[in-house]
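Naming follows writing order (A, B, C and D), and every chain is counted from residue 1.
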Amino acid sequence: MVYFGHPRHECGVFAVYGHPEAARVTYFGLFALQHRGQESAGIVTTDGCDVREHKGMGLVSEVFKEEVLSKMKGHLAIGHVRYSTTGSSTLANAQPFVAHHGREYYGIAHNGNLVNALELRRHLEKRGSIFQSTMDTEIFIHLMALHLKEGLEGAIIKSFSQVSGAYSLVMLTKREIIAARDPFGFRPLSLGRINGGWVIASETCAFDLVQGEFIRDIEPGEILIIDENGVKNIGFLSSPRKAMCVFELIYFSRPDSNVFGRNVYSCRKELGFNLAEEYRPDVDLVMPFPDSGNYAALGFAQRSGIPFEMGMIRNHYVGRTFIQPTQSVRDFGVRVKLNPVLSLLKGKRIAIVEDSIIRGTTSQSRIKNLRERGIKEIHLLVSCPPTRFPCPYGIDFSSRGELIAARQERVEDIARFIGVDHLYYLSLDGMVKATGLKKSDLCLACYTGEYPIPLVQESDKFCLER
Amino acid sequence: MVYFGHPRHECGVFAVYGHPEAARVTYFGLFALQHRGQESAGIVTTDGCDVREHKGMGLVSEVFKEEVLSKMKGHLAIGHVRYSTTGSSTLANAQPFVAHHGREYYGIAHNGNLVNALELRRHLEKRGSIFQSTMDTEIFIHLMALHLKEGLEGAIIKSFSQVSGAYSLVMLTKREIIAARDPFGFRPLSLGRINGGWVIASETCAFDLVQGEFIRDIEPGEILIIDENGVKNIGFLSSPRKAMCVFELIYFSRPDSNVFGRNVYSCRKELGFNLAEEYRPDVDLVMPFPDSGNYAALGFAQRSGIPFEMGMIRNHYVGRTFIQPTQSVRDFGVRVKLNPVLSLLKGKRIAIVEDSIIRGTTSQSRIKNLRERGIKEIHLLVSCPPTRFPCPYGIDFSSRGELIAARQERVEDIARFIGVDHLYYLSLDGMVKATGLKKSDLCLACYTGEYPIPLVQESDKFCLER
Amino acid sequence: MVYFGHPRHECGVFAVYGHPEAARVTYFGLFALQHRGQESAGIVTTDGCDVREHKGMGLVSEVFKEEVLSKMKGHLAIGHVRYSTTGSSTLANAQPFVAHHGREYYGIAHNGNLVNALELRRHLEKRGSIFQSTMDTEIFIHLMALHLKEGLEGAIIKSFSQVSGAYSLVMLTKREIIAARDPFGFRPLSLGRINGGWVIASETCAFDLVQGEFIRDIEPGEILIIDENGVKNIGFLSSPRKAMCVFELIYFSRPDSNVFGRNVYSCRKELGFNLAEEYRPDVDLVMPFPDSGNYAALGFAQRSGIPFEMGMIRNHYVGRTFIQPTQSVRDFGVRVKLNPVLSLLKGKRIAIVEDSIIRGTTSQSRIKNLRERGIKEIHLLVSCPPTRFPCPYGIDFSSRGELIAARQERVEDIARFIGVDHLYYLSLDGMVKATGLKKSDLCLACYTGEYPIPLVQESDKFCLER
Amino acid sequence: MVYFGHPRHECGVFAVYGHPEAARVTYFGLFALQHRGQESAGIVTTDGCDVREHKGMGLVSEVFKEEVLSKMKGHLAIGHVRYSTTGSSTLANAQPFVAHHGREYYGIAHNGNLVNALELRRHLEKRGSIFQSTMDTEIFIHLMALHLKEGLEGAIIKSFSQVSGAYSLVMLTKREIIAARDPFGFRPLSLGRINGGWVIASETCAFDLVQGEFIRDIEPGEILIIDENGVKNIGFLSSPRKAMCVFELIYFSRPDSNVFGRNVYSCRKELGFNLAEEYRPDVDLVMPFPDSGNYAALGFAQRSGIPFEMGMIRNHYVGRTFIQPTQSVRDFGVRVKLNPVLSLLKGKRIAIVEDSIIRGTTSQSRIKNLRERGIKEIHLLVSCPPTRFPCPYGIDFSSRGELIAARQERVEDIARFIGVDHLYYLSLDGMVKATGLKKSDLCLACYTGEYPIPLVQESDKFCLER
């Protein structure tokens, strides 16, 4: 989903059809997708007559308590977790988005961004629609309400044909679950079985947790309706090409998921293999920053023969909030999370493998934390090319100005900014090869600037939205 | 506002135009209106560009904390408190109801019930509107969105002409406050000044608290727009008659308010005077159940010469929730709130004045509590006639079946149910005379069954709404 | 209990022996005593083997929730509510105070102040005792631990003989409940029966709520032990005189309680009768400030024939915390609680009856609130003499400097400070006569300065305690 | 500290002398020690006159909020985190334990268990002492109060000579910090500098976080007083031998700490080296269960040449509480935390390195989780010998009956219980050699049953304590 204007967000979606405890299964499914969004969580469930919804700010485990969940009866459910890096988030923008229409009830949970949201919204408002949120997700429901006279299937196809952008989404009515993936296939979406019913999830690791069985990926452009007659494909939306987000494989998805038909863990190890083929520094050891870069570092170590170490210790009890120290205690934010093992690192030449560098500031302060402890030489290896362009399809990249590789064109300058002796980025081909997918089926826009869907000018923002 | 289906609710509304701390003034105004609704509270404010809203379940003092209120900048604000006697209430139905439309933002706070809500909603849904709540209040906004092409004033008049029922409401846009009272004038609504700006409130006691100055009642059918040019009457909606709710004077409004041009305190004392004229039992003392019936009891004592006492002590610290006792402690609910003064009452013949009897169960358990302490004789005097018909215009009367005076036609039978020796209801004329208003300007439907607006059949309820 | 140093506090105590749900009965008992202290609440219960305690800051209904209470099994329990007018209160000073000693467990709940607390504490510390709190209540337990070799009864008598001051207290061991009232009898304490077991409470209104039966007052100096053999008097502590606190009758106790053998409601009406005998101004009406002065005002009206009115309306929903208004909304604190009925009071000459005036500032702002509304003439009648001396026995009177009647010796000057046209205090004899008790059995120190127990110099405060 | 009776607990302690924000530094220090105890946290601080304390149940980040911490002024502070595996924990048993004595104030934070606690407590109670808690920690303060007439230093030495068992503790008075380590040196305790002041911590990783400088370990039996004159050794307590807990190195301490003069990370890698020397199975890969066994697994892989993988993915967002699934979702507890990477492990022969096996049930369910995914062969390698005896010195080992290696003497039987094909425990000598310390300086009692301090019979438990 997208706010009109920035920021953009990642999300995770989940749905169940035909399980006697659909809300509870969804709760567990969202647990497995929590890495895709920690800001808000929500579930809508129905038993075919009554509909119950609950959403709140925070982690799934914080938003849902037993007394809430035990009241959410029903055999259909959808759920959503949402991520934002800014403070502007509110409950009003939490998902699933829900609406009444006649005797029907619609819930929708959406991962991705529409690119023609503003244009569609203006059109709808002129017809007399009022809006409850600033999310593009709401547009789907308004379009459907408009087209319902053509029946549910007709309304879905007509509505989805009007929107443009990235969406992997699930919808709920009192009788069916609808699942759809945009024709470019930017975000993943998979179908599975559970106890004779059906599950849909952003990533397959959610099936593992609920003991569901992976059946297949939902294809780009595919629209499914699941009801008492089973799963039915009601049509394919067409597009000139596929554009699966390579960043899902490099960073965003969980290593125990299969995404776009590829196992993420192996894919990341391959990134490390290819790094080792391209650049092999003379160092005493290689290590990741926990827990980013773990698997690429492992692959690099295996291929290069350089010893793998875990030279920074992660504090597992930091939690998400802690009191900021005052002047007398500096740089606490970094040190509280990661502490270097001094006796291992002091006086050594080391290689660090990172999965990606966005703004560069986190790497910078981590490196500073290491430098102060007397490391002799630091090589930073990144398992993808420089990230130079923002993403309009649902990954929360800062605007161009905040991307270090957009501000600094030369790798030496980025190295200087971050404070390392050497900085090496994996080549575009090295990255693509590691994914095992065809280059033309991937969205590589954040590295190349070649956007699969042309960008819309969003100059026209109004004062309400920030 | 009305849920589609039961139950119905009372509410209080407040609005400010042109005060630098509009949200804070609204907060205080809602404090004074808290007796009209304790279930949820909400405020929306704007500075002409940004809009901020906050609502929650509970009392005004619980919903609003300094950190919330201090961020609600703006010189326009509307607020709402809402009352429900059932547990089915949710945050989704809290008011003000708000919506985005183009670059505009609408908030609405409504006291009263529409009687053609379902019909209007069906019509709107057929045109493609989706609904966020089950409140009739939402309909106002949808109608306005539909008619906006005729300009704001046109849209208001066109929209309000379509709705039928009881409404005293305030609306907020980024530039103006709108206030309207339905043409029957069921619920009160008053206009005042504050620091060069304007205030609107359900009752005048709210003006006292914020040190505003009462100007005049908003007339039945009157629609006002307040903007930088001041207060403008944009038209009058017409109706065959007035129908001001007599129950506001008898029970619902605060005694320090002036409502429908009458002081509530004096009006209630007059009810007591008229009671004393009609029925004067031979008793040792007269007392109210605190704090209902206080003023009528005082009037009765003054006119009859029977000594006034405060024979039941109210526990001021009960709070709204406490743990229920188990079997070994019976009837705790009544005794925890009111305890009789034994040495005053034992062996006495007493008269108790109540403002009204609805279901009769509260009176019954209070009387039982007294009886157990050895009162000799109890006369119960009610300051209005038997309440025999439900109210479709915003007072939460139970359905007919729950009204004791509908179930039991003979007063002797009601007396037996409640457990008193004698029961006397004030006559209809005695009540009307005490109000000082013309009988034909009052809604007396709950006593007479003569409804100013014919009732709509709401047989057609669907399973979502309960 | 007393802090070493100021402030002093009022409290309520409750105990149960021999009821299967002793903690639950105590919970309800504390509800009825909540007016004696709203700052903290606590209960300790035992089934003879296990002991369970729970205490917290806030009202009884806030501190105890069903999940807590349902775990507090046992047939013995004691409870405490505590009051403080300052912010220095902490959970560490909440009662009951509890301690382990060998296989025994002691809990104590105390209403009153010791006057030789500091001296005793120093003595105990020299022997090696360590203290957990700054409450004098803790001293009882230390003394008992010291004397336990003489058996429980011996230890109690020896310990209580050493302390000097005001105490009505209840103690719990695993097998018995102990109740004691100091030999002067400053504070009330009553004994009752419940379901074959026993209850003890600061005031008899607590018996009404739990449906217990009042048996008798515990006498000044009396010490009771209640165990499986019933109630046993283990001795009387002697004193030169009785000194029952007159302020309990005038202000502190609930009107539906019997205290010191007198019904509080009648006693307050008598105060009003005597006021009317002494001073009868030429006014249009008499009214109380709700809810202080209610009963004296009623008595005054009945005796004088001046009409009784309820001219200020109390807002029942204020709660204990609300956001302070800023500059633009003045004197909110008073007006939010009490609003005058303008149409009743405007242009009138009125008499107001108050139960007492301590610092005078509350009266002052209430009067100001009335004056601004155009009252013609205000007579303030107080149902006791000027309060000129602080109380060292457990009533939270400000230090002498804060008592308006200590600062201003002439009644005219107090009248001017408060802003009334005339101020009249009931005479000492008028007050004593209304209590129906012997003057020599009452503590009148706050009016006369004659302290039943000579004051101890507390100059010697140390920095920890504030 | 020890409860009288089971269970036993681990803890972490921290102290600061001479830093203007002592409480804040302690807060950060406790963050770094959070792995030693997550049940409760507390800090006491003083500026030499006032003392402020705060403690609560939960993590440091939950117990302390800015508004609390910012009020805790002072340049001396001590802090404590506590761990319990049972639900019987209460706030009354949270540390630091504090007490008033005369004008002085004592706070104490303690890691370890006394073995003569019950005996000392009985003795103190006979003298008249009363106890607030069931913690042995309280005994230190009572002993000191008793001996204070000999001056602070005399009282400390006399008191500490009376206690027997494991203790690394810090105390605070209004003027000094006291630090002591029992003469066996069971638990670690280190001294450091910060900004001209002093810090003391259970582990050196806490110095890293607050940017303090490690100076030296506090020696077994050493007692330090830190005041305005600096650090002063006031004596050494003697013992027949040292007995440093080997489990601190194997499992309990953080890998980035130096404990007993040894770096924990290197020590754990050496355990893996020695494992590889003793047992080298024919497998495809070696992996740890995250995050136990990480470093030993790494050492094993480096020495054996078997590829290191991270075959189970940890869910970082589980939190400490989540709703239990019902019947239809089995074994959720394990799977929600760790999910195997199927495509990596399926059909493989694998070695897993664990740091220790206590009850065996966690390993059992993790292995089951793996087995269900089709692993071909599992070798479980443990980096210490079988844990056959409970620990009375502060590690929460279950009673003998719950230790799998006490119940099952033969390793094959343990392997069968856990469900692995092969199970190998590191030899005692292999473990000792890896620590780099003298065997005779280590406590190995949980492996050998040879207790450095003879066990006291605790048969004599009373009903209060469970």
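What we mean here is this: a contact is a pair of C-beta atoms (placed from the backbone, for glycine too) under 8 Å apart; a residue touches a chain by one contact, two chains touch by 3 or more.
Just so it is clear, the structure is predicted and the values come from calculations on it, not from any experiment.
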Rounded to the nearest Å, the gap between Cα centres of chain B and chain C is 38
Take the average of all CA coordinates in chain A, do the same for chain B, and state the distance between these two points in whole angstrom. 49
Where chain A and chain C are represented by their mean Cα positions, the distance between them in whole Å: 61
Quick check: what residues of chain C touch more than one other chain, meaning two or more? none
Considering only which chains touch which, label the overall pattern as line, ring, star, complete or other. ring
Chain pairs in touch? A-B, A-D, B-C, C-D
State the interface residues of chain C toward chain B in the complex, per the touch definition above. 19-21, 24-25, 27-28, 31-32, 34-35, 38, 59-62, 64-66, 69, 195, 205, 208-211, 254-256, 258, 263, 265-266, 291, 294-295, 298, 302, 307-310, 313-319, 321-323, 325-326, 328-330, 332, 335-336, 339-344
In the complex, chain D residues that touch chain C: 49-51, 98-103, 105-106, 122, 125, 127-134, 141-142, 145-146, 148, 462-464
